[in-house]
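Note that the chains are named A, B, C and D in the order they appear, and that numbering of residues resets to 1 at the start of each chain.
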């Protein structure tokens, strides 16, 4: 689901995602969540790592607002899906250092928004199981025009 | 602009604003901003003080995201427009104490969202001059169904 | 002890617990602690995650005030006993990601307060071994009228 | 109201207020508030500045929880009523430095709890106008056995 066939080091930061584009991403993510009966918060940050738009579905656990933002920040600020960092933690050993790295929330569900080889922002989703969050995030990312 | 004909002490907290309602508030605020060519971030929090939705218009100063959220939190958590607290600071003397009160951002542009005598959340706007921010916030609040 | 036979995703947030109800929870928790000679801080937050009431038994380690509040916030804001998150950490591997998730204190002893399928707040206990804290928290939660 | 006929420098810290004593202070404060129809949060800290007990009356503005704690901390940690520090701000000039002093919330409503010349803690109240908060705080302090 979070396969990412490009190295973070080959990506550059592009101009920030617009609000209009972010709304399309949010809309697609919300529809995916609604179709599955899922409660989620969805956040979109721009290529500078600042929040552009956020929607929290009714009854979503309120702690998910901060988590959704953190996942989006992680994906944008490290130019990779947050799952790659979760996988590092899961692998243990050296990967555990990620737990103490500033600015990283190593939870599946944060996905960079790309235009070609440029990161224009990221989407983060929280509220359900993390692989479900990621499913919603990818639905959002796929809608980026 | 920020006249508020009810005492904070007569208000109670009601059920949290829904995402559907928050979107209507955001939409109205954005239209007001767009009609004036203004760049703003608009945040809606629920009656528990947690973010429900946020939109940031393109090119808005990025520092305004945190300010918009802080204004909305102030208005909800103290059950009054943030302008009342700004006015206290402006008056000087004893009013300056507000500058050192935890949880208060004394900047015009945060407005409680009321249903009858119940606070169901608040809207906060930042990006322009604070009286312009407040104009946008009131346009948003007025659209609450 | 922390069996929880409902999915967090089936729970909704209800109206905030009242002070009168919170006092009953605190009273029951304190009695359970006193009967066992245990030193604890007990915190009750409402469904918005804000503190409603807190009592700290004499001689309880003072660091437990912040921990009790954090456990209660975790249980309310993520709609599940904090033990579920502690268990994720204990399991290791992927579960370690919880250690770096904003807003989560993965320590047994935070329990949601339910009215039917609605979360009206949570109780958090700290001071003893965490399973003892949880025993006190459950005694408090069981007294909710 | 906040006359304090003893110099902070003549006061010593005594043993911490007990939970039983703190409950008596809270109870008296709540009765005073209830008799006046006031919504307040009341916090008691011990002589180490750590929270012992807190009650928030229903419908009190949620921002008052942090403010009540801050007032109590200020009164205990500086061995004087918080109004003395508010007065410094009100006087202006040099007094404004208080606004930038760590640990001081210069708002009337925080009152030290004395046993003879010893500070055993403090009570802080927030929710109404600050002189009303102080009235409640003094009602609580007066009940200290």
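As a convention for this text, a residue touches a chain if its C-beta (ideal position, glycine included) is under 8 Å from a C-beta of that chain, and two chains touch if they have at least 3 such contacts.
Computed from a predicted structure; not experimentally measured.
The minimum number of touch steps separating chain B from chain D is 1. Between the chain pairs B-C and C-D, more C-beta pairs are in contact across C-D.
Between chain A and chain C, two chains of identical sequence, the interface residue sets overlap only in part, with shared numbers making up under half of the total. Taking each chain's centre as the average of its CA atoms, chain C and chain D sit 27 Å apart. Chain B and chain C have centres, each the mean of its CA atoms, that are 32 Å apart. The multi-chain contact residues of chain C, meaning those touching 2 or more other chains, are 13, 48-50. If the chains shown are joined wherever they touch, the resulting network has some other arrangement, not a path, ring, star or complete graph.
Chain pairs that touch one another are A-B, A-C, B-C, B-D, C-D. Residue ranges on chain D touching chain C, taken from their complex, read 16, 18-20, 23, 48, 50-58, 62, 65.
Put simply, chain B touches chain D in their complex at residues 8-9, 11-13, 48-49, 73-74, 76-79, 92-94, 96-97, 99-104. In the complex of the two chains, the chain C residues touching chain B come out as 13, 15-16, 46-50. On chain D, the positions that touch chain B within their shared complex are 38-39, 59, 61-64, 66-67, 70, 86, 89-90, 92, 96, 98-100, 104-107, 128, 130.
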